[in-house]
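In what follows, subunit A forms one complex with subunit B and a second complex with subunit C.
For the complex of A and B:
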């Protein structure tokens, strides 16, 4: 599966980074960087947690 | 609680209930899962109601969340009316009885009201926000009672909609939540955006000629066709009467794992968490999620140790300013400035605590939670 970011929606809270630090991080300007977009079964639960902690639903899994 | 859970009922379909249901599945629970929600809507993001949904006329989907993946039976538009802990049954207002082995109490809280008058609007649920949004379309003058984060966000949204706004606050706005410095910053921003700020000692509502009126303790009377109050929230725990689970405060005290009793978890806005200064509610988005994860795991894995509790994360957006904060505010006194200065412009602030930790707040800066937490923990 793939993580998709709706960039205009992202407010830079960083709760997703906290949930999935190996998959994404916010850079020095507070802009979200997806370090990995394609995720396998092993990371599916982590990716799902990152998607679901976002208060503005800026992330989704497809 | 011994024995394998076969039937779990989650009462409440806000972010706490939703996260509980997901976490139960992730923790290996593959039995019968039922989620009960008293609203007809699927779970949504409550913080968005008073922020983007109210302020941005173009955005009608700010509150949407990804569809649930827990595979539970979702009962929407029904309210729990009773919990029988002896027979292990949740009773619903349509007469349904739901048996359970484990139960999650996540019915959240409701707006505290100043009156029973129909002219008093509150913003707690999606339908409340949609109703207010609809009212604002004709740009009526608005009086908002309540100078906390919610009242200020509502005032900001009403200004963005083009309404004349008067905000009534008990003392300076936001001072109880954020301290004197940030209170001044946000009050100045509100005034610059054209809000009339009225401070008072107390306020009550009464029915006037055609409008509901706000009567202040000094005798002043405010009238507006649209009146919104935001004066706190009350845990939804009346349905738990007689269970012995509810404290005098109306909240449900829980242990460090979020358990109120064996097999019974309580998470989100109704739960009083253990804290050094006595149990207290932490009615915030990320706290609800964290509580739900810990408690749901505790329900299905009896022996697991709770992780250390994270410091609460709080954010607000109003009058063109954003604030993101970690750690307990308000702190008295002037902050240390890691970036920026005291003028009300973008700033990263720190209020050190004697133990070396700190409350940290980013004003108008995109500083993500992990960095705020690192700064909150670091010794000064």
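For the complex of A and C:
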């Protein structure tokens, strides 16, 4: 599966980074960087947690 | 498919707004959506129904976020009350100076302020937590940030409270608050850059308007939303922080032992006591919620606090447990209209919780005093009878 970011919606709240620090991080400017977009079974639960906690629904899994 | 169950509950009765949790439990057991004829609304009660509706702006329009026509009329054209695609542009303007990105530089200053204030209160040995902390701190932070001075600074508290109150139905509380909300509206329609402190975010918004980055006469609208939406709710949340950490010394001890739990503690405070009781939407079509049909045009009441205590989503929902870190709580809403000021609210509340954990071993709190309110559920007075210092 793949993590998709709706960039205009992202406001940099950073809750996804706390939930999935190995998959994404906020850079020095506070802009979200997806370190891995394609995720396998091993990371599915973590990716799902990151998607769930985004307060503005800017992330989804496809 | 079925018709939603019906309840004779009055969501805005004094006894309900003072302690809505027994009513939330009753409604939640009836169904995910319950029709309340006394309020003319369909209430969303269970976690999945609340979150689902907040995400689905196409079925649940924000054109009717308030529970009386006058307030919905007054809010027309704001990001709060609009739907995409118009909303997307208005929201971007509103959050440009309010997103965590924009606020990063403020963190140290807000933490230092909270630390100094909490240290001073703790040294007194006893204090009244609402005026001295829950109100004083956000008022100072927001006034400094937006640049409120003089007349506006003096009126922030009553203006902010009234702006939330009038979102309720046209009951006595709304009627009494309308003139005060009108004062805020009037001030915001006449405010100019010169009325706001130099270097403030308020000034920056007027600069953006002068440059043509945002449409003419929108700066006042934005200032109105910062004050109307951001003051009363944050004060409620910080009052709840003190009350809940005071009432649950074992939970404060957990945060003291592991300060990394500060964000989790704030999430749990917000989950446990939602600062906002009810918020409106309008069904744009017949919508099926958990098997029941909500008819097109229906006024919806989103009950964040009911969803936050749904045992289908949170185990042991009526216990206050910071370790559960309920980051997906509903108290900031969710989705395109998720609280635009939540980044600032987190900065403020994390700073206060962190300062309490550093300076206080335990707080002995007296009984809290509450006053009925239509929308914001907050504590009016909270005596801290004794501070057991670190």
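Observations, loosely collected:
The criterion applied here is as follows: the second predicted complex is superposed on the first by the 62 of 62 C-alpha atoms of A that agree within 3 Å, B and C clash if a C-alpha of one lies under 4 Å from a C-alpha of the other, contacts with A are read in each partner's own complex, and residues count from 1 in each chain.
Here is the rule we use: a contact is a pair of C-beta atoms (placed from the backbone, for glycine too) under 8 Å apart; a residue touches a chain by one contact, two chains touch by 3 or more.
In this text the structure is predicted, and so the values were computed from the model without any measurement.
Looking at the shared chain after the overlay, A:8 reaches subunit C, while subunit B stays out of its contact range.
The partner of subunit A that touches more of its residues, comparing subunit B with subunit C, is B. Judged by the touch definition given at the top, the superposed model places A:45 against subunit B, while subunit C stays out of reach. Looking at the shared chain after the overlay, A:29 reaches both subunit B and subunit C.
Residue contacts after overlaying the shared chain place A:60 against subunit B, while subunit C stays out of touching range.
In the superposition on chain A, contact is made by A:21 with subunit B only, not with subunit C.
Residues common to the contacts of subunit A with subunit B and with subunit C across the two structures: 11-15, 18, 29-31, 52-53, 55-57.
Within the complex formed with subunit A, the residues of subunit B that make contact are 18-19, 22, 26, 45, 47-48, 52, 62, 64-66, 69, 285-286, 289, 313, 315, 317, 322, 324, 365-373. Subunit A contributes residues 8-9, 11-15, 18-19, 29-31, 52-53, 55-57 to its touches with subunit C in the complex.
Against subunit A, in their complex, subunit C makes its touches with residues 55, 88, 92, 95, 99-101, 104, 263, 327-328, 332, 334-336, 338-339, 342-343.
Within the complex, the subunit A residues that touch subunit B are 11-15, 17-18, 21, 26, 29-31, 45, 48, 51-53, 55-57, 60-61.
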